[in-house]
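Residue numbering begins at 1 within each chain, and the chains themselves are lettered A, B, C and D in the order written.
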Amino acid sequence: MNYSASELMTINSARLLRDHDVVFVGVGLPNLACNLAQRTHAPNLLMIYEAGVIGARPARLPLSIGDPTLVSGAAAVCSMYEIFTLYLQRGNVDVGFLGGAQIDQFGNINVTVIGDYNHPKVRLPGSGGSMEIAAWANRCYIITPHQLRRFPARVDFHTSAGFLDGGDARAKTGVRGAGPQAVVTNLGILKPDANGELVLAALHPGCSFEQAQANTGWALKQAETMEVTPAPAEEDLRILREELDPQRIYI
Amino acid sequence: MNYSASELMTINSARLLRDHDVVFVGVGLPNLACNLAQRTHAPNLLMIYEAGVIGARPARLPLSIGDPTLVSGAAAVCSMYEIFTLYLQRGNVDVGFLGGAQIDQFGNINVTVIGDYNHPKVRLPGSGGSMEIAAWANRCYIITPHQLRRFPARVDFHTSAGFLDGGDARAKTGVRGAGPQAVVTNLGILKPDANGELVLAALHPGCSFEQAQANTGWALKQAETMEVTPAPAEEDLRILREELDPQRIYI
Amino acid sequence: MTKLTTLSEAIRQYVHDGDCVFAAGFTHLIPFAAGHEIIRQGRKNLVLARATPDLIYDQMVAAGCARKIIFSYIGNPGVGSLRIVRQEIEAGRLEWEEYSHFSMISRLQAGAAGLPFIPMNQTAATDLEKANPQYKRVVDPYSGREVIVVPPLNPDVAIVHVQRCDASGNAQIWGIIGEQKEAAFAARHVILTAEEIVDEEVIRSDPNRTVIPGFIVDAVCHVPYCAHPSYTQGYYDRDNPFYLAWDKISETPEAVKAYLDEWVYGVKDREEYWQKLGEETRKRLEVAPRISSPVNYGQY
Amino acid sequence: MTKLTTLSEAIRQYVHDGDCVFAAGFTHLIPFAAGHEIIRQGRKNLVLARATPDLIYDQMVAAGCARKIIFSYIGNPGVGSLRIVRQEIEAGRLEWEEYSHFSMISRLQAGAAGLPFIPMNQTAATDLEKANPQYKRVVDPYSGREVIVVPPLNPDVAIVHVQRCDASGNAQIWGIIGEQKEAAFAARHVILTAEEIVDEEVIRSDPNRTVIPGFIVDAVCHVPYCAHPSYTQGYYDRDNPFYLAWDKISETPEAVKAYLDEWVYGVKDREEYWQKLGEETRKRLEVAPRISSPVNYGQY
């Protein structure tokens, strides 16, 4: 069976979602993953969008976080201040999805700047919602291609917190969310160990530890029980290709 | 011409309102005064009700602060948190009306308790909105019958601030509103002097300083220029009696 | 996922002796039927929180349900004194914790927003601040001046009456919205009572009207006329004569007992209560329609 | 009292060189026509504040209107980089002040609420806090733990696009409401642009839908299609091909100049712009109706 890296990451991300999860969804692959999960094993998944949309039922693939298709037919709309207070800060969000230009050994994320903040070599978009999502969602998932430049040992800038320097550093800050629980890449899945360090927990079919290590900027450990992810099911691919992204914009 | 004390107080209160004033209205006499002003010299008066109603156009006399007649046909409705933040605390309210079981020499108001707070002799309703209205409306007006027990030299409890102990005591707190600008009674009108002390500034037709003094719990001073208020106009009385309170509930 | 249940079952499951209860609704949508059901089920030692206790808490206090009241204005709105709450406070038989409206609603806002405290500007009136140790001060780090702060209020259960909701609890309210949303988000459990349970497509035709999302709701109860003698905008009017009558009833323990016996203990549920009110009262509270102009969300 | 005027006159009167401008709208209702009019009138040294600068600020920065930008996310939404803002920041030619979305909107909320600061819980990510001295900390007097605070943002002028309002500026919005209300209440002056100016009876038929009351509004401008290439819920769709096209245009100064010459300086106003877009584009952005279920307010 043939599938793209995006399809592989989307399907593996969908598997991490549980029925009745309240998910803070981003556009692109997270949106596809949530819609896929809802059509398969998590029919009661509740999708919340940063723009203030609750229980969206997009009739078409949303092309931006504020696409009007998210609103028509949604259960509720609220203001931006409300989505960050009543929903996120209050602890009503189970899952947040994050991406990042850099993700480091302890799951910290940089989407702000490459180089010095005040004299940026590359100026990135900045936090948007990610600083608070990473802090306050019960669980966070990161979807990103596995490339060496994306996985440095340390991020240039802490836009959002993973496990900081590891150990109990995150817990000591009193932040409510449990932090990044998985990083889904095109090679496998990284998960934090007891010390908060991202270790390789699963490989996708046909991928090797050596590939993962070659694309990771620190000495990558393996989880005690290394798994191989099941290959994407035909039905999952059909839903992605025929129903969710027929124009193949993201997959 | 015959008129009641309530009519007299209402008409004199209405005169204090200016066109385009944004008024935080209470039910009862303040509501009548505002509606009278709007039908006479202040057609652009904007009425805001504590329950979160902006630009109300009540079709009947509202019997409580949350009467549904305030909402039907209003310009806007907002939450209670919003009425106190976006409107009052932000400084968008020109005029607030207050009443009180006790009003003292410096315009401080008590609607909380007679006697000791923890062992109340008479437990009154408490602040409601009045603590913040007295602090943050640009101007406050008090409507109350002139009775000795209502005008003690000092209130038992500072529910809302007038000029505190006088002088610059209020200004020093940094509170934005200018405080009580007039107390309209059935005998006349008290206004704060430069020291914040309430002095008799006007008498209604046929009322005397001696009457006012006899019903005031401190040595009442007279303003430099004492006025006699014009008698209620026939048209004002007609509007009150025929249009605003035909069942004579408040007047 | 349906959360439909009876009010009696919802109260049984989510209101326990000793709980802090927030029966929401600023002058509008006051869930009287829920208060009556709590009385019928004999709950004790409740902490009753509401900006304006209104007749609902006066009756619950009279029935012996409460140990403490948290409020910002105790009056019979538009009528006068709230006799029973007042008398119990004066007699030292009821604990109380008191705020201004703004600090009361700020506590709920902090509770709903997940904040450890929320600031307010000073009012120069400091006696309540001295009387209630929940008020504290914090220095504004920008100006060096002090602001007043209050801690979050997170009731064990909020009871919120709404005009319409779907079976999952996505709820729409119009007219005075008071603190309905904040109460629901602040509370640990949420019981909705609704004039109408509608198809979810009605709710989803106007998502901006939704004040409470279903996923924070525990129980959805179809209780028409739940708010009588207060009102529901567009459904029925405030029963002002009853507010006046209560002023008399609450003057004597005998009259209060007779009222509770007849109108609370003596009826099974709100439907029986509503029928018992009689044709004339029901007729008097009817309102003629005044319909909103629709808006277009567009098919995208 | 009517506040109707032209957009050109409103910009002339309420937007001055050096002002802090908040052109509101989170992904929706972005007042592009107002941005273009500001460019045409040649304003300089503006401080441009918005959570997401979007193409509107990219174009205003390109046209030399801005000295500084206040933001929480600089991207071409759904497309990629916001090239001009990014390049001016990288080149050190544009000052910037940066927040997360939540702290950005908290600044507006503090500004709208009249508060000297507003708290947020900690996020454990402290680099932005270190980079931006506007962030400060305050000790929660209840727990002894620190919270993060930001000061109010009070722009000189907010420009808010709405679906409908009356001539006095009582404005109704549906779809994503973002920070429209907070921006209006926080700002010293408010310019409304509206798809439709309606009779006040339309507004007053549904007061709960009103987000901005007219009395805080300075100017009301009837500007259909103001938000293109962003969108107005129920009126027209987002012009996604233009968002993609801007990614190419903004690669070279020549293409940007040609764009501004043709589509901003080269047209008189939004109506000319909209006609110039052509029948095909206009047709492509049309949306079929999807109407809200009405509600009943009742005649009281």
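The rule is simple: a residue touches a chain if its C-beta (ideal position, glycine included) is under 8 Å from a C-beta of that chain, and two chains touch if they have at least 3 such contacts.
All values reported here derive from a predicted model rather than from experimental measurement.
In summary, the chains found to touch both subunit A and subunit B are C, D. Set side by side, B-D and A-D show the greater C-beta contact count at A-D. Ranked by distance of CA centroids from subunit C, the top chain is A.
Subunit B and subunit D have Cα centroids separated by 40 Å.
One simple way to say how far apart two chains are is to compare their mean CA positions; for subunit B and subunit C this gives 28 Å. Averaged C-alpha coordinates give centres for subunit C and subunit D that are 37 Å from one another. Looking at subunit B, residues 53, 67-68, 71-73, 77, 89, 136 sit in touch with two or more other chains. Within subunit C, the positions touching two or more other chains are listed as 114-115, 120-121, 145, 174-175, 177, 181, 208, 233, 237, 287, 290, 297-300. Across the assembly, chains come into contact as A-C, A-D, B-C, B-D, C-D.
Those residues of subunit B lying in contact with subunit D across their complex are 22, 44, 46, 53-55, 57, 59-60, 67-69, 71-77, 85-86, 89-92, 136. Those residues of subunit B that touch subunit C in the shared complex are 27, 50-53, 63-68, 70-73, 77-81, 84, 88-89, 108, 112, 117-123, 125-132, 134-136, 157-161, 164, 170, 173-176. Residues of subunit C touching subunit A in their complex: 1, 112-115, 168, 170, 181, 185, 200, 203-204, 207-208, 210-211, 213-216, 297-300.
Interface of subunit C with subunit D (complex): residues 114-121, 136-143, 145, 147, 149, 151, 163, 172-175, 177, 202, 205-206, 208-209, 233-235, 237, 287-300.
Within the complex, the subunit D residues that touch subunit A are 26-28, 51-52, 71-75, 77-78, 81-82, 86, 89-90, 92, 98-102, 105-106, 108-109, 120-128, 131, 145, 174-179, 181-182, 231, 233, 237-238, 240, 243, 287, 290.
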